[in-house]
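Next come the structures, one after another.
The two complexes that follow have chain A in common; it is paired with chain B in the first and with chain C in the second.
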Partner chain A sequence: MNARIVHIASNTFREAVRDRVLYNLIAFAVLLSGAAILVGQISIDIEKLVVINLGLTAVSLFGIVIAIFIGIGLVSKEIEKRTLYTVLSRPVRRWEFIVGKFFGLAGTLVVNTFFMAIGVFAALFYVSHKFVRADALILVALYFIILEFFIICSLALLFSSFSSPLLSAVFAFSLFVIGSFAEDLRGFAGMAHGVTRWLATGAAYLVPNFSAFNVISSIAHEQPVASQLILNNTVYALFYAAMALSGAVLIFENRNLK
Partner chain B sequence: MAAIEILGLEKTYSVGFWIKRPKRALHPLHLKVEDGEIFGFLGPNGAGKTTTLKLLMGLVFPTAGSARLLGKEWTDPEVKAQIGFLPEQPYFYDHLTAHELLNYYAQLSGVPAKERSRRVAATLERVGLRNVQGVQLRKFSKGMLQRVGIAQAILHEPKLVFFDEPMSGLDPMGRREVRDLIEQLKHEGKTVFFSTHILSDAEALCDRVAIIHQGEVRTIGAVADLTSSVQGKIEVIWQGTRVPASMKALGSECHVTGDTVRAILDESQQDAAIDALRRERLKLIALTPVRTSLESYFVEKLQRAETSAASTV
Partner chain C sequence: MNRRKTSIIAAACVVAFLGASAVTLHHADKIRPRATLEEVLYISSPQVLKRMSLGYDGLLADIYWTRAVQYFGFRHHNGETSYNLLAPLLEITTQLDPHLVVAYEFGANFLAPRPPNGAGEPDRAVRLMDFGIQNNPTNWRLYYDLGFVYYMELQDYEKASEAFRRGSQVPNAHPFLRLLAAQMAEHAGDFNTARMMWSATYQNSQDHLIRQNAVEHLRALRVDEDVTHLQQAVTRFGERTGRLPVSIQELASAEGLPGVPVDPDGHPYKLTPEGRVEVRVPEDFPFATKGLPPGIKVYPKFH
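On to the complex of A and B.
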């Protein structure tokens, strides 16, 4: 990878790690895992199910919040504070800046997810006192969660490249919510007629299909995940993130930094 | 070779929410700065100084025109490796320490890894921040941030340095140090282009200046030429507190300060004044032509521009 992208990414990672809000969110995630254990103890024979469900949902939600919270300010904050001036007056291309920021945030989320995953596995061991082969499926769910983060990061960056942090947050969060119901939207498009059908179909394929990434419930019930789904989700997430990043680059390349 | 060659750069913004109106921030600008010069870009607030610098740094895009820096297209990334830039009222990543920040900028500027550490340490020493290099920038005062800004601009040993209001936020000692640093940069063979509205700094440092007002360059010239434009007077200083009648007779205005007297006379009376002081056995200390200050020239130029603008309305 281009050295300047690596330097920008590592600076973004360092900034996020030194941000106290990030630590607070990790603490919240740990607290939620603690709550999972408590719920597990008062449930009968379904402790493991509850721990996996609650733990992975917490990992996903906290990660999404971090991705949106940090992602929306990645470009707009730099413009507002004018920290960008001393970066772009160097031999740094604008696309390198955007891509570096993306990898910095994505890297932060991967590291963050790694620590939260340790919390989930610790909670699981606490309630079941052992690991079984099916527990490895949790890694697939975590992988899908990380793919979701890549999409959210790229969208937050896209919005951040032309909008204020507040509006970017609204856009990114709305897309996350709509994307979580993308399958329902596609179902609705199938039932609609005329212009509505075209519009609904267009919207259904434009919003990120997060529902395809949600395998938490089936994994909690120890149902296997098809390798085709893993491949499809990987290609889809990388393609979607690349498209959103390209949009961010396109906008940012032509933006006057007043 | 010209270090900077601006070929008709201009910038017009669209303002207004619903109905967009054009607002010209910079009229077509033509300017040439020679290699090794210290060039001052002077003008009141909102004159177009920062817009010009942002255009040259590629932070905003021109409506028309182009520029060449160090003989190459100004958008060429290779050129940027040889340029240093201090923005006005700089703000930096405050989660980093001064050392970390400079190291980051050195990485982005392509300073080789084995040289980076030495270069960062030397630059911190040069701007007087060596003893606070491990402190996070969020704890820095405005003046210290300005020093960091200057450090990041010269860290990678650029051939051409742009400073936007470099003295801003500095105390008198700090201003003196920055003046010395700019002079050192010139001695090192670098070209310095700096914008300021503090005219004494420009007068003390610059080889040439341009005066910009309302987005338009009004004058470009050597400081010596601009400040000698109002002539015909001499300043005579002698020792003592006595003003002889013969000096008064020459029609001079005399001011006694401490144990010296200062008189302003027409240039034509220079010999008569020397004779008068000799006759009275008074010790002549200095006799110099009166030059207008850059400030007087600047004010006069702007007033003239405003008067002509008002008369055309």
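On to the complex of A and C.
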């Protein structure tokens, strides 16, 4: 990675960390982990299960909200504040700006996830009073959640490169919802015929498929995740994020910024 | 200074109006006391809920499970006699998370029994257990729960035996399943078999409602058994002497018992002038089928 991308990424990270909205969301996520303890206490026989489900769902949902709300403003805010012109007047290429922004936001989310994961493990220790070998599976769920964030970040950045923040948020959130239904879309394609089948199949492959990343429930029941799935999800997330990022670069390179 | 004054007034207004709105809401709750506890299932389709969860179905299952327990616990505590939402709540819970074994266990214990002890839906309880076994075929507890419903509520000893037999073939199954399967053929319906099953339920569950329910049934079983034996003694006494014993003490000494027989709470059984053996405090044995005054309605409660 070249130095310019690293600089843009670190500035994006610093800016995101300074962002008050981000702080509020982290605080809220920590609060939710605290609530996990309370909910765990009123849930009969499944305290640990509730803590894992609630904790990981909180990590995932808050990360997605952070990714969308920070991601959609990454480009448009720079244009609005006119800081983009200062950056681009230096020897920084447009694609480096986009890629740097992506890594900055992705880094922010990884750091956030790290702290939220500490909260989840602390809550788990609070209810179980010990860790068992199966608890390590939570790390796999967290890894999949981070992979989801990479995809969402790249999509938010893609929309941010040509649209207003509000519309970008709508697009990114809609894709997240549609991506959660990707399996159904594929099922629908299987049942359809003719052109509809081709269109539905195309749509099913075009939208991100988030269902394969959601292993929270099975991990809460201490069911192992196949290493093949870990590898497959990693490769898929990298390919999809790279695709969306390339799209963002393509649009931004051709965008008239005057 | 002016701005500071305004800030103080505004802060005071926030506190005052928040307090006022809370008081008003409290009054509204008194006018419509059940409004906050309205038992409504806005979405009754588990499939729709699963899709709406956007993949976070595990958490949603936990929420529905907590709701099911609270629904039953609240109504049970208030002496309600119907549990219409228990079946859909448990079905939604298990559809969202088919591996939540405790929900099946709860269903076997509280969905099948007739009101007021449960929802009185043994067929749905059986369907729930079948769904549980389908999704957790290696969990012997579910076969036990299925057999339990067949035995206790449907009195279908053949199917109960079959469920226990299938459960006994699961790796690491508890050895008593094989025993229960055999017991069904010879001793179905007797006190020892029922006691064995309730004891097993107590020992194998962590859920406090299920455990309390098992304790109450074990207490009731002892009353049923004691009263059966004492009633037989009364008959024998009548055949021997041509009259009824005047007191439980007379019956005890005639039978050569070491003392006056007492119920699980230590209260002596009483003998009515008609020769009926009864417990002193019927309310303490809601699940007893014998030893209760005729026509009395005892609502289930846990000690």
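Methods note: the second predicted complex is superposed on the first by the 258 of 258 C-alpha atoms of A that agree within 3 Å, B and C clash if a C-alpha of one lies under 4 Å from a C-alpha of the other, contacts with A are read in each partner's own complex, and residues count from 1 in each chain.
Keep this in mind: contacts are C-beta pairs under 8 Å (C-beta built on N, C-alpha and C of every residue); 3 or more make two chains touch, one makes a residue touch a chain.
Every value quoted in this text rests on a predicted model; they were computed, and no experiment measured them.
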Combined model on chain A: chain C and chain B, fit or clash: fit
Chain B versus chain C as contact partner of A:Y85, first or second or both or neither: first
First, second, both or neither for A:L229, with chain B first and chain C second: neither
Inter-centroid angle chain B-chain A-chain C after superposition on A [Cα, multiple of 10°]: 150
Contacts of A:A35 with chain B and chain C, given as first, second, both or neither: neither
Partner chain in contact with A:I46 - chain B first, chain C second, else both or neither: second
Touched partner set for A:N256, first chain B, second chain C, both or neither: first
Partner chain(s) touched by A:S211 [first = chain B, second = chain C, both, neither]: second
After superposition on chain A, the shortest CA separation from chain B to chain C (Å): 21
Interfacial residue positions of chain B with respect to chain A in the complex: 13, 54, 57-61, 77-78, 80-81, 83, 85, 87, 89-93, 95-96, 104-105, 107-110, 149, 152
Residue ranges of chain C touching chain A (in the complex, touch as defined): 51, 54-59, 61-62, 65-66, 69, 97, 99-100, 102, 206-209
Chain A - residues contacting chain B, complex: 3-4, 7-8, 11, 14-15, 18-19, 81-93, 254, 256-258
Residues of chain A touching chain C in the complex: 39, 42-46, 49-50, 52-54, 57, 60-61, 176-177, 180-181, 184, 210-211, 214, 216-218, 220-221, 223
